[in-house]
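Heads up, there are several structures right after this.
Note that chain A is present in both complexes that follow, paired respectively with chain B and with chain C.
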Partner chain A sequence: MSQYQFILRRLLQGILVIWGVVTLVFLLRYMTPGNPVDFVAPLDAGQETRDQVAADLGLDQPVYVQYFDYLFGLIQGDMGYSFIRSQPASSIIFARLPATIELALAATIVAIIFSIPLGVISATRRHEPADYAATSFSLVGISTPNFWLGIMLILLVSVGLGILPTSRRPIGFVPAMEMFIFQLEIQGIRTWIAHMILPAVTLGTYFTAMIVRLTRSGMLDELGKSYVLATRAKGVPETLVRYKHVLRNTMIPIITVLGLQLGTLIGGAVITEFVFNWPGLGTLIINAIDVRDWPIIQGSLIVIGVGFVIINIAVDALYAKLNPKVSYE
Partner chain B sequence: MHDEILTIDNLSTKFFTENGTVRAVNDLSLRVGRGDVFGIVGESGSGKSVTARSVMDLVDSPGRITDGSIWYRNEEFTDRVREDHPNAVEDGAVDLLELPESTRHGLRGSAFSMIFQDPASSFNASLTVGEQIAEAVEVQRRAHANPRSTRARTSGSNYSLKNYALSTVFPSKRFVTRASRDRAIELLEMVGIPDPVQRADEYPHEYSGGMLQRAMIAQALAGEPDVLIADEPTTALDVTIQAQVLDLLAELQEETGMTILLITHNLGVVARMCDRVGVMYAGEIVERGTLEDVFDDPVHPYTQGLLGSIPDLEGREGRLHPIAGNVPSLFEHEMEHRCHFADRCPKAMEECLEHPPEFDARGSPHHAARCYLAETTYSEAKALPEGYFSEADDPAMEQTETAATDGGGE
Partner chain C sequence: MISDRVKQSLKREFSRSVMAKIGLVLVLVVLLTAIFAPFIAPHDPTQQGLEESNIPPAGVTYTTEEFQMVDGERQTVETETRGSLDHPFGTDALGRDLFSRVLFGARTSLLVGLGGTAVAVGTGVGVGLVAGYFGGRVDDGLMRFADIMLAFPALVLALALVGFFRGSDYQAIAIPDPFVRAGLVDGMPESFVFPLGLTVVVGIVNWVWFARISRGEALSIRQEEYVKAAKSLGASDWTILRQHVLPNSLTPIIVLATIQVAAIILLESSLSFLGFSGTTLSWGFDIAQGRDYLGTSWWIASIPGLAIVVTVVGINLLGDWLRDALDPGLEGEHGGGM
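On to the complex of A and B.
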């Protein structure tokens, strides 16, 4: 099977998965207590007004009619209207999406930059102080809860030292870049970076710690294999043995974890986003749950699901590319 | 007698493990003549592989060469080293253990090359075979670009992490060049791989075992080494393929005149390939000599036992003749100062409680054995009583033995 057939097949499978996600998310509404009408209609509204509100929201229809309405709407890119704000859910969600993606990518980049060199040092200087430092760091990193770390960073760095801003960033990446390109104004990018550092570190710490451990154990594993001996024996210098051979082979499983983790970052940054009042999907979902704004909740969950599926396909394709033993099937 | 390309004197390699020090190779001496095929035979865990790795400086932590010298005789190399490391040079040969690590490592692939037991795990599974051979070619090409330098030529800026990072992005910075790739294809052709241009682009898992061992030999020949160390080259292969690979080695040896250090536990392979033989037991060479010396007129009861344990195909007797007992523990604190084979030896005498030196034995001048029987004859009167060593055979033996074998990397 060629690479393209492989990707096409995975895409079709992905569509099935997304359909499953949509169905589940839709049914979720009927399994959750709390009637949206209570939140939308005025507190003192009579039965008549409440019926009217329910009809406006489309809640008076039978469930299957609502389901197919929703499904066909989705296919056309329509996620319904927010119950609370009279705007299309899709425009609200997509306005929040960039902030979440930026945060997830920034956290991943932070993680890669710190974790892989740390893991390599740790593996190649086993039982030396550098190794102990790296393994202790990763143990602490894995066992630190995100929300606590975020609050501590805000207290220490923002409040205590007064260096970085605490929350509510004023500018996104794209406007910041536009500002730089069209007006040659660097201020936007600086503000963007200043607001990004603490959330990215908070979100990336667990991730960094995990990859340090994976890199360390993976490299030790690979270093013990006999091809390393054979490669050294043919005269290949240690730098190349380490990076071209050993690290490269170590990265194959790590890339899978990285990809899966990026998926969870998009959905799982909820707590970090909330701590930093980050204008992303996480805060949007929490606020929407508070007021039972179902179109927003459903739409956000579906967007996260789609993100997961796309990242998974990309990781599979990359994995097959890196590991010649895996063929595209 | 200056035609010994490799002389090992009193080499000791130990592994410092948590359970104690393992003497994998102990006070080992051997001389390998230029162009010879020298066989090292022994059971698993006798220290054959560690000896080979000591020569290549491939002994991994916690192992370390603790004593001895390894003399390598190559005029060009001696001249190069003389200036910077005068005390390493003696009588036209260089003691490798006196050189800094980086200079020693520069010899890998060009002076000594190695092929391993299991070709499938000795290639990097995620690179093509051609790429890996070309890499070996390229390393040697670069090393020889400046033959005057004794510095670690393999650790220069050529090999920095930065350059590696660039090479993954820019094709022009690729480590493996077109020329080295072409040479890799030539090498593959030389070892008899059909369709080498196409096979070069295949991955190790697409090769059969025999083909892969051929490719491994091609890779080892990339730097035109003086000495090829073959560590159990045929053990992982089918019998029919074994013969082909041995023929190939013999052929290449004849063509290039290189020296082969052949490590094996298979006496048939030794008989077929070698001019000289060293028999190893418990980290020592217990008997050495020409093939005829060792096979036709063995002195050491261990050698006799090894030869006696070859199954007799004519089947006059229904039973095999294994050597009774097990390889001894190599833990320093458990080794006694006696002949290490005495507890399994059918001819153990009182003398054997003292560790034997190497005695000259009858036959060619190369024949020597670490056994008192080379000097005296066996007499019942001095024999040790039966069961003399059995008190020492406590259950701890079993445990320590596996540890010692791990150290040997068999």
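On to the complex of A and C.
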């Protein structure tokens, strides 16, 4: 099987999984107790109004008709109308998406910047103070609930030191950049960064800790292999041995695990957003669940599920490129 | 079920590793705290007292400024409150003793952590062994379903599923406290609220990891000579699964289960923090309460969080110990929490 056939096959599998995701999300609402009419119709509505609402929502149809209606609606980008706000669910959800993507990317960048050097130091200075410091940090990092970390950062940095804002996202990345490019105004970017630091550190800490652990154990494994000895014997400088050969081979398993852990990143983003009052998908879902705004809940779940499947396919493709040994099965 | 070789390996790793010892001590402390909470706690964790609200932890002095009308003039009056050993960790906004709440919160965390892991192991191992052992279409179907589950972050799926139990009788059940029942302690709550719905949900969202790992084990064990021999002797599939495949795939399952207890405790605290757990006696719930008083009473949100960190660090250290002793090949790959 060639590389392209492999990717094509993964794509087809992905479409199947997406169909499964949609079906599961549909069943979730159908099976959860509580009649949507109760949330949509006015409290004092008579039977006639209630019947009308049920008909508007398509609830008077047999379940398979409702299912196919929902499925074909989705294909055309229609996720229904929000029960609470009379707007299409899709426009509400996609308006929130950039905030979540920015947060997730910023956290990933924080994680990569801090974790790989820490992991390398930890592995190459095994049993030295630097190693103990990095190992302790990573242990505490994977054991700390990120919502609590966020609150503590707000307490210490925002309330205590009085620097950095406690919450919200007054400006998005794109408007901030536009302001800079078209008006040469740096204020937008500064505001964006100031509001991004604490949420990004909150969300990124768990991943920093996790990658430190992976890098450390991966590098220790690799350093014990015979090719390292051979490369050193050839007279290759130690720095080159570590960074060019060993670290590169360590990265392959790290990328796989990161792909698998993407769900944790998005899950973490949901609660981080809640802590920092961040106007992303996470706060949207939490509020929607609170008021049982099903079109929003369903739409957000599908957007997350589909995003996850697509990114995983991309990770697989990247993995196939990086590792010539991978078999396309 | 545990061979001598495994026991020796566990002992050797334990005596070599300081971290394993620390982990064991931490976990034991939390476990004993959870069990004997009514004996240790100085107050009923649910008892409110508005005149005792927002008292700082022992030894901490805390000053509030209030405007008062004195002889017709507005004056700023500084009130100093000093924490005492009567409330070692202080009190929350409703005057509940935080130390007692932290002690009782250990029960919620551990019960949900262990119960949720049991649900995940039961479902996941069952599905995984059947899929791996029978292979073919059964395997394809079950593993595609696992892929669909994996497309959702654990926390998001859990949030979507808690709706099943909201408002139902199963969301939380009251378990009578045996010590209070037996009349051994006074003034403690008579029953403990166990968030059953939440426990099932956190288990369900984590079963896939166990399904994957036990499927892999079943796939390789199926090829072993002794399984083929048992089959030719007329053993039924069920007997082979139970007597041969399950015992031989236990090691990685145990290591994963340990790490999952930690992940599920984190997940429970997140859901309690968001107010979806069905119990009001939980570390996550207390952090949410304290969040509203960050500017004044920092201890309410800080201390329960430390309890979570200590517990999860302990369990993760035990997990590392088991992994190093039993299966060096497992490193790093585990399910997501939060």
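The rule is simple: the second predicted complex is superposed on the first by the 321 of 329 C-alpha atoms of A that agree within 3 Å, B and C clash if a C-alpha of one lies under 4 Å from a C-alpha of the other, contacts with A are read in each partner's own complex, and residues count from 1 in each chain.
Everything below uses one rule, namely that a residue touches a chain if its C-beta (ideal position, glycine included) is under 8 Å from a C-beta of that chain, and two chains touch if they have at least 3 such contacts.
Keep in mind that what you see is a predicted model, and the values were worked out from it rather than measured.
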Simultaneous placement of chain C and chain B on chain A, clash or fit: fit
If touched residues of chain A are counted for chain B and for chain C, the larger one: C
First (chain B), second (chain C), both or neither touched by A:Ile297: second
First, second, both or neither for A:Leu16, with chain B first and chain C second: second
Which of chain B and chain C A:Ile286 touches, first, second, both or neither: second
First, second, both or neither for A:Leu229, with chain B first and chain C second: first
First (chain B), second (chain C), both or neither touched by A:Thr264: second
Contacts of A:Ala133 with chain B and chain C, given as first, second, both or neither: neither
First, second, both or neither for A:Thr239, with chain B first and chain C second: first
Touched partner set for A:Ala317, first chain B, second chain C, both or neither: neither
Chain B versus chain C - smallest C-alpha distance in the overlay, whole Å: 10
Shared contact residues on chain A - chain B and chain C: none
Of chain A, residues touching chain B in the complex: 225-227, 229-240, 243-245, 248-249, 252, 322-325
List of chain B residues in touch with chain A within their complex: 53, 56, 58, 105-106, 108-110, 112-114, 116, 118, 121-128, 132, 135-136, 139-140, 143, 154-155, 159-161, 164, 175, 203, 205, 216, 219-220, 222-223
Partner chain A, residues of chain C touching it in the complex: 144-145, 147-148, 150-156, 159-164, 166-168, 262, 266, 269-270, 273-274, 276, 284, 287, 290-291, 294-295, 298, 301-302, 305, 308-309, 312-313, 316-317, 331-333, 336-338
Chain C-facing residues of chain A, complex: 13, 16-18, 20-21, 24, 28, 31-34, 139-140, 142-148, 151-152, 154-155, 159, 206, 210, 213-214, 217-218, 253, 257, 260-261, 263-268, 270-271, 274-275, 285-286, 289, 292, 297, 301, 304-306, 308-309
